Amino acid sequence: MTDKTIGRVNRATSPDLELTLGVPVRVLDHGFVRVVDYMGTDDSIVQAARVSYGEGTKTPSDDRSLIRYLMRHHHTTPFEMCEIKLHLKMPIFVARQWVRHRTASINEYSGRYSVMPAEFYVPEIDDIQSQSATNKQGRGAPIDPEAQHIAQGSIHTMAKAAFGTYEFLAGDGKNKMGVSRELARVILPLSAYTEFYWKIDLHNLLHFLRLRMDSHAQMEIRVYAEVVASFVREWCPVAYEAFDHYRLNGETFSQGEMDVLRALVQAREIEEGLKVLDVGLSAREQQEFLAKF
Amino acid sequence: MTDKTIGRVNRATSPDLELTLGVPVRVLDHGFVRVVDYMGTDDSIVQAARVSYGEGTKTPSDDRSLIRYLMRHHHTTPFEMCEIKLHLKMPIFVARQWVRHRTASINEYSGRYSVMPAEFYVPEIDDIQSQSATNKQGRGAPIDPEAQHIAQGSIHTMAKAAFGTYEFLAGDGKNKMGVSRELARVILPLSAYTEFYWKIDLHNLLHFLRLRMDSHAQMEIRVYAEVVASFVREWCPVAYEAFDHYRLNGETFSQGEMDVLRALVQAREIEEGLKVLDVGLSAREQQEFLAKF
Amino acid sequence: MTDKTIGRVNRATSPDLELTLGVPVRVLDHGFVRVVDYMGTDDSIVQAARVSYGEGTKTPSDDRSLIRYLMRHHHTTPFEMCEIKLHLKMPIFVARQWVRHRTASINEYSGRYSVMPAEFYVPEIDDIQSQSATNKQGRGAPIDPEAQHIAQGSIHTMAKAAFGTYEFLAGDGKNKMGVSRELARVILPLSAYTEFYWKIDLHNLLHFLRLRMDSHAQMEIRVYAEVVASFVREWCPVAYEAFDHYRLNGETFSQGEMDVLRALVQAREIEEGLKVLDVGLSAREQQEFLAKF
Amino acid sequence: MTDKTIGRVNRATSPDLELTLGVPVRVLDHGFVRVVDYMGTDDSIVQAARVSYGEGTKTPSDDRSLIRYLMRHHHTTPFEMCEIKLHLKMPIFVARQWVRHRTASINEYSGRYSVMPAEFYVPEIDDIQSQSATNKQGRGAPIDPEAQHIAQGSIHTMAKAAFGTYEFLAGDGKNKMGVSRELARVILPLSAYTEFYWKIDLHNLLHFLRLRMDSHAQMEIRVYAEVVASFVREWCPVAYEAFDHYRLNGETFSQGEMDVLRALVQAREIEEGLKVLDVGLSAREQQEFLAKF
């Protein structure tokens, strides 16, 4: 029990993340991500987990092993003890995917209150690709270079025209229609930029990153997720490394797949493999590995 | 305890709501709301509340009083025991407000997988109004009739042009660019229609209705909320009535406002008023009313 | 689009689950689980998923493949479209673990309103085991048979005495103390039974089952989870089978483990294995299997 | 837009709350509350709200007015931008009420992993009262003083006996049964102390306080809520004051009650009352007050 602690303590602080507080990292043509605030560090995960374990257990002996153990066995609640607040600016079609993650707090710029600035996303030439033949929801090969330029021009022109009409509708002066902002904005394109504050805990953020850093995610959200991931790596390096090893670069096999693997590989061979290859598994992880065969 | 119940029971059924299952009610120019499925009725609220009260309490004696008591005292969990699933089609700018309600399940049409049909919202002439002078986020007086027609034309033309460009970009044949759908869609307007399944419990739905039926809500979401409210009225009439009396048509006063009211009104006058006016308060409600003074 | 649908449809119905509605299945010495109501079936998962995919995609061609695809790739939202409501009676120490699952609705019997009935859990002789030497949180070998009987007697006697004192404290008559129920109950044991209504969607329920059917879960919650699982199997058999194949009987390997596996197994060997063993993988699943090597 | 901000900023800091970090405040006989960490201050609420309002609005001019406006009109999302983490030690029957608040993160001491220390709640003599005659769930008049002493003695003795039996069951040495901790604990009383870390945002915390500081809440949770409230008052004094004025000391009237009030009070009388009494309402609040009549 910690109730004997008397006197002041300081807030958990991440020196690396502190250096980036408030500094926007550019994403796409007009977007950014910046860290506004955060709570907790790797130590806070350990601190919360040790409350559960109490005095009755001494192992896992060190903090890194404990965090890896928690990640490996999906003991997710201690990761909820860290929280981060970001300020993001992104095209509306990206924001529409972003808000599908419900366990987060959002305050977004309102096109009902305020004039929408004339900023919109135009893809780089190389990012203009054809519908994928194999992936129903994604991009495939680049299209013909000439077509890429025509497409880019169309995307630019159309958005520009929409913002021109918006200003004509919502403008107040001479030769303007004076229509309310909440109505005029309906002709703005999904490429228009919006911005918002977003607060989320580390557990839910890692889940977000797993989905949005995936190769099946749309490129325009993936680039944001990668910047966010770079912040997490600075903030909670041990938790991020565990996430990288167990989630991003892990693989799951179904019952049928395991039947095949078990027929092909013997536990004894894995023991041999572990001796030959140095893949950095702890004794406990090696034991858990063998238990799957 | 109900563990003595043996044998089959039927699911709670709302005969009135059953009649409307699957039938879309039109909203705006191309939208709709329809009920796909539901679970529970007014009885389910009572049933869940009585589990809490157990055998130790006999009152409140009848179901309507109980539901009103729960609503009045913010005992919200029994209202979570009813669930409804809707199929909705609405403009994207409305859907963007809708998804801000996080305690709900959504499956939305994907513009990455599928071609976006050329359907978009064009406001009625009378709904084209100026920015409100008093309400920073809303509409005020109608604009000049000629301007209304010009504005409506612009909104229609701009959306039409955007869909034309979309088809040019995403189309596959001759003189089409063959750009992936996930990219081509970025030039579509916020007035484009989307559709989704939406599942939510009654407690969270009533909270949604309170915010979105409010006069400060944008007209285009309010008309959807009103159709949803009409379904709730058929589904759980007693709960809806309580919601109407205690939330929609109730008023909250701050400490300072109460100081003024208490100086102006004596409990005795309220007792007199209750005798003269027949406002339908139960004995218990009258008692609670007086206790506020 | 389904907006052309006119006229009545019926609610999705699971004939197998209907047969069990209201019928309690006994668990432990005084507990039970019974299904009170439900919404949706396997078809509802498919229905919601197809809204996302819209008209632009025809495959996956059949419903079972689609559900398995959704489960395999963690497309979890369509599973939220099914909902179930259970009535459960269980010891308080089990209920304390149960409520840690936050995405659910609960109405519990209140010991403040009602007298707590004198029902408490006493373990079977065979379930009285020693602290596990390897698993810090669980049970190991059975203890000495004589000690088992002594322990069972103590557990029974102590709970009996606590309920006796409770009745002495909260009782109203002669030689009773007349203490309020909310206070008298504090001496009741964690083995006392409570009961509650519990409503949860299928996605969150499967997550619950994964954790609580695990061999590391305490036996007394596992037996409840297994009864709940048997209901899910009747309710949504296709989804449950996919859960069984991909979650319950699947295995996840970390980056380091994959390094070893990839060194030991060649994709070519897997192709051979798939020909020899008939593990029921579809062509698509076989392809995804090979892509991991 | 804030994207022009370059360079380091500091985290929002509450000097008053910093002074109490880590220091436990005693509650009941063996419990405590202490602040472990926090994120955000009153300024963070303003900051998030201003993102929504963007550049298009200059008023409400000052921060206090804005926070009060947000509270009054249930614009709750900016209050989610502040987060606090507490370490709490309380009897299990209090913790059972506490965890019913689902929008929070918890890591609790585990009686499966660790030995439960022999600490339990015994009420003060004055807190031993009879069942309320009017409030089905609460306490009424004190019981006879002699009975109070007998009851206190019983509560103490029974808990002491249960812990003695627990040690006999779970103990390992001679004349101990060596039963696993997860099983032995089932005979412990609900008065036994547990402890946990609890992280919650300010919006949900204020909702918790409103329910748990209410006179109908059980005294033993109310004393914890009051200590938590005292921390919130130091942390976000402006938000807490608004909560106090609009929620804790506000009153809500139903449609029927408003009918009576409107018959008894004229808007003109309220205007007069506002001149006579100085209740500190801003011009805008006075306007909103009158609009209710």
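The first chain written gets the first letter, and so on, giving A, B, C and D; residue counts start at 1 in each chain.
Note that a contact is a pair of C-beta atoms (placed from the backbone, for glycine too) under 8 Å apart; a residue touches a chain by one contact, two chains touch by 3 or more.
Note that the coordinates shown come from a computational prediction; the quantities given were computed from them, not determined experimentally.
S.K.: What's the rotation angle, in degrees and to the nearest 5, for a C-alpha fit of chain C onto chain D?
M.R.: Fitting chain C to chain D on C-alpha positions yields an angle of 180 degrees.
S.K.: Between chain A and chain D, what is the separation of their C-alpha centroids in Å?
M.R.: Each chain reduced to its C-alpha mean, chain A and chain D end up 32 Å apart.
S.K.: What's the distance between the Cα centroids of chain B and chain D, rounded to whole Å?
M.R.: The separation of the two C-alpha centroids amounts to 29 Å.
S.K.: Could you pull out the residues of chain A that touch at least 2 other chains?
M.R.: In chain A, the residues touching two or more other chains are 53, 56-57, 106, 110, 113, 136, 181.
S.K.: So how do the chains connect up here, line, ring, star, complete, or something else (other)?
M.R.: complete
S.K.: So in the complex, which bits of chain D are touching chain C?
M.R.: Where chain D meets chain C, its residues are 91-93, 96, 99-100, 102-103, 106, 110, 112-113, 121, 123, 127-132, 136-140, 143, 147, 150-151, 154-155, 158-159, 161-162, 165, 168-170, 172, 177-183, 185-191, 218.
S.K.: For chain C, which residues are in contact with chain B within the complex?
M.R.: Residues 1-3, 5-12, 18-19, 21-24, 32, 34, 36-40, 44, 47-49, 51-57, 77-78, 80-81, 83, 85, 87, 89, 105-110, 113-115, 117, 181, 195-197, 199, 201 of chain C touch chain B in their complex.
S.K.: Where on chain C does chain A make contact in their complex?
M.R.: By the definition above, chain C touches chain A via 53, 56-57, 59, 72, 74, 136, 211, 244-246, 249-261, 263-265, 269-270, 273-274, 276-277, 279-281, 285, 289, 292.
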